[in-house]
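What follows is a short report on a single structure.
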């Protein structure tokens, strides 16, 4: 199923008047503060977030999975789904593939299809947390950190293969997430596991093309429940530094212990020039992988505040690879992703409202009350008209969710693909 | 120092036009959704939050305290301070006294002073977590739960004395917070400590006037670091039920373990008709006692969503006693309280925007995406014009913080009271 | 595969001398403290823990599952596996069935097989967290709490069916664990979900035979990640009380928020006479379902300290239903269960060493240092000779793990069942 | 008060026989495992832990403090108290001073007194979390990270002064703990605060004598409740590396977020050769500063397991500076410290029992069950006879706590110093 742009334009017309009144109101408000609304809209319009190929079907937990009809059963259909989202939102112009789930059979065909939706190939992802049917070595007790050389070697080769697949598609980066760790004290020698991981990453790095980046992800627990080899940003940074200039850390919002101040981690990594990628989701307990902004929207704003600051003040840090990494256990995955993209743009717009000069002055005056007022003023502003306008200007939907429903997308997908199609992924 | 209402009215004039444009805009927006903005403003206007008498000076931690100039050194000055806040915000029309820190010397004088600011006397608070110089028994190892009858008896008598003081002032409730607990395994016999606490509370309840309520507070840790006698809402509810109809639980936002779903606790207690009081603050780690809404404003909104629902649907539950219970370690306490009151009204206004009928329909249709949209739509709305209007209509300040600063309140207080005055309290 | 008792007796002989020397040493030590070692051994010998039928195969996470060879593919084989553990340890004399995974085809055959291993049928467990292929209603959005009557009705009938199956096997209790909850704010009306759950449980309770008990389990999160309907012991207790005298709460060690003082919850429930069942496991982060005692053995001891106290002092509370509820993601499930049973007996034995009289005296004297010394003295004692002796006297293995390995049990199971058999369960 | 060694020797005699029987039993047990008990005893005998000068009086919380009689009112008396503990335990042969609380008036006198108790001067500690009466700049909004140069400069000079005081006493290291951070989002510019801290530490490092080490401590929260400048080990390591070879991180057990795997951090820092110091305490919730080993003794053992491994395998890491950093809110401080020292030696002895060769073999064989058995076997062994023997051989008390009480130490201290003396410190 492909969405006809003209239908979006038609549906936009019904709410355009109402939208423009609200836009006018916020624009005036911003003008009083010497903020140029159009400038913000421009930034929103070009902001692109990758959709992971594994998150277009229903997610699940260890307790089971509730299927959703019309799931994409092939890489082609996954690209189609992202095309739908991108056409509606203008923000989903990239896909992040997961190997071996998404090895293209027809590279040119896939590239053409993606191009037809204005979708580029972002970071490729390796999988060393599951055993493949034909594998010689098991990852049950680790991959890049495995105590056995053969296990490590297999995992290294897999990552190199992933790079090679990515090269054919135009990707420019690989994300390495390790499930490696231990379920019980004593299972791993921490120092050896760390050293093995470092050696393995360095070998993968040797195969990294010169215009590629490597992103090293960290996570404190799950699927291992006593320790993980790359438990926190400090470990990921240490490993990235040991590899070289093009190795970076990747922050996934759900990969932190309770109460962690994530925005400070973001700031520190930007300061070091070592923040490479960013995985959006939200959570209340652990790596819950919920819709972005659904639980802690203020934290999301505070993180974007650091990101905006860093994008303006940290030339030592490269452009970031943005991706949504959520799981859709109960919602229609496409609706869920639309809600996530909305939350991301809202937080970004709010952060763009922060008057960095006034904030600096208040910080220098040690006027905490005013510092808080500045952030809260930005956050409390209803920036949705700006977000909507950024879409309207790009011929995407003013209200993507309502449009998605008005166009009966899911119903059509089920008609095309059936009720029982299942997407590869978690 | 007493603020001249006319000065507020003057200062309001400067920003009234801008305010009215924004009010108009939001009113139109709400009208499209069949929401009567004036109705919400009316509810905001009558919403009153008590200020605790112990939170008008600088707070501190076990690592020390940084003084603030012009702190109130007497109960009279504390009432003056609350008067300032109430005059500016129209929301601080009550005081919650802490005994023995605030025993009035001149009851009539205090009552008259409070009345002059439209301040009533809300719940009185007992203190059995510190030893008084003249005390026979120490609370080092517990008060109402003490293994020794004499210790318990002293604590019971103190609570009865607090009730008697409250009666003279027009209070209608007492809040019992216990620091009782243990620092080490084995220190307490859990069952005996619980039973002693229950017996003690029942004895206090015997002395409770018929038109009074007793609020039982819970807290998982601090100042005891292994266990507390009333560790959670379940224990507080059990104790309240063992006392009688006029005993209720009290929820303090900071008194929960990491990741607790507080809004569900609020809903459960309302359902049982046993939610009596509410202490506002915010926190990232423990009982941090930060400015309301400064860390997790969405959670505050979700809690208000349950409160609004309960106020409309749970006649079995009494009117709630609202209080701010924050500590002001780094900010001017009065500015901090103004920021807290603003955050409370914003969250309340947002919750009032939730279309409960549509939400019920979406819930019945198991349309999670729409459920989320309804809550987020309310939350993302900039309700500040409604909040400002509720103050303007009450001849309070459109912008209380700016007015506070324009009137040089703190400077005047320092002039009156000196730089080194110290308020009793934590 | 069935273990020949004589082989165990033979293997015991090799280490009996060494064992008896150690037993003698600890017995002397205890005698100095007026503790009768034989009395403790007697208590250990009769202590029985149920093995859940779903935990005999490899567990997994949402990220995948690593198979284990020789898994039991039928209920008969599951009973065989528990038979192996019980023969080796003398502590696994019960099985807890999960319906619909374990509906017997031949009731008499199953009962005879179980009896041949001295295994009784403990609590039966219902499953309303997964949809069955032939189900009319989906539990995707809840079961006993479902907003739709038809969904609730199906879940109620399933529970009644589970009771009926249990009756045929000699079970005397049912455990109700609900996955019900919400992934997002707004998804559920908390009050309605609670009320529906209460009504449903009451209906199940109506079908409960007079000599049966119902256990209500609580859990704060997973598989729902915003809220669960029965989030904590307070809610479970409230529901149990609303059902009647034979409804109890069930504590699963992994079902608590970070830092919860579980031993105090245990004490409170015993005090109320409402603790019915107990699920053992261990965890560092969430419901990690690790081997009992592998992460926080001191907490396990402190919990047993409350259990021993309650068993002696709370006649209002019934005998407890003990069960291991762990997941075996990386270990041989049978070895894992043997390690869990060992940890349980050790903690129980240590708790039996606590001199309750001296502890009471120290508590009354508010001598915290001595209170701690008493608990630590018990905990630091090496009670393993007592545990081993309790097995030796029952003709089970002094060292069950070494015996299991010496007898090549897993190898034989793989030979019998193949490398790819898969157990039903999580 | 000074303890007469002969009295200890006398009291030892009463329990020596019983002790030797137990020692004999454990020695035999160890011999079976080819472990030389005497070798372990030797290591225990020379293990020394510094006592901080600020922890000899009653601690407190922000809710108050319950005094203890006979507290040391001068530095001399503090040294006397540590002398008591060292005489009883043979493990407290060092003191860690806190400036400005403990600036000696008579350097030679203090050094002689300490020497008379075999006490050396370990790391000195600076204090930039409280304002001194005569200070020009306030640390309310930060010290080494302060936005204002004058504030930073004052804090740098203070640290240099602390080094100079330490030089006169024979200290060889300084510990820098910063309370710097923010209570509210926006208060600090994270990047600037980090950069300022780095610059300040580098300046202090310039003044570090060549044979000194600098320890940089981290802590996630308290007394600041939104962020701290050095929030975790990753930040501390980054700062240490930016200073130079003699700058190290310091791990305080209580300074971690919930569920942190501390033993892995220890292993990582040892691997990097950057673990300098170690502060012992225990906690359930936050930085509770409870008696070492009173809450999570198994974690303490696991940490010691890494420390023992590192001391044997990481020549790149220097000898560690050990210190107890606990607060004594409810116990006699000296008794509390004796209990802490006992817990430390027990964990150390257990860790020394771990058969590192067998553990490595099991790890290489990916035999998780055996890995766990090896650690648990060591942990479950009752090593107290070894600990007692290490004291007996040093003419210290077999049972220091009983001896402390038998000698009426506290009573004598109260007689000497009065009931109301107060120690400087928290």
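Assorted remarks:
When the chains are written out, they are named A, B, C and D in that same order, and each has its own residue count from 1.
By definition in this document, a contact is a pair of C-beta atoms (placed from the backbone, for glycine too) under 8 Å apart; a residue touches a chain by one contact, two chains touch by 3 or more.
No experiment lies behind these values; they were computed from the predicted model shown.
Counted by C-beta pairs in contact, the busier of A-B and B-D is B-D. Where the sister copies chain A and chain D meet, the same residue numbers recur on both sides for over half of the interface positions.
Centre-to-centre spacing of chain B and chain D amounts to 40 Å, using the average Cα coordinate of each chain. Our note on geometry: chain A versus chain D, Cα centroid distance of 42 Å, whole angstroms.
Along chain C, residues 140-141, 183-185, 187, 220-221, 226, 258-259, 261, 284-285, 291, 294-295, 330-331, 368, 372 each make contact with two or more other chains. Listing the residues of chain B that touch chain D in their complex gives 59-64, 66, 129-131, 138, 140-141, 179, 183-185, 187, 220-223, 225-226, 258, 283-286, 288, 290-291, 294-295, 327, 329-331, 426. By the touch criterion given at the top, residues 18, 21-22, 25, 28-29, 32, 258-259, 261, 284-285, 291, 293-298, 330-332, 335-336, 339, 346, 368-369, 372-373, 376, 379-382, 384, 401 of chain D touch chain C in their complex. Within the complex formed with chain D, the chain A residues making contact are 140-141, 147-148, 182-192, 194-195, 220-221, 226-227, 231-235, 237-238, 257-261, 263-264, 267-268, 270-272, 298, 302, 305-306, 309, 313-314, 359-360, 362-364, 366, 368, 371-372, 374-375.
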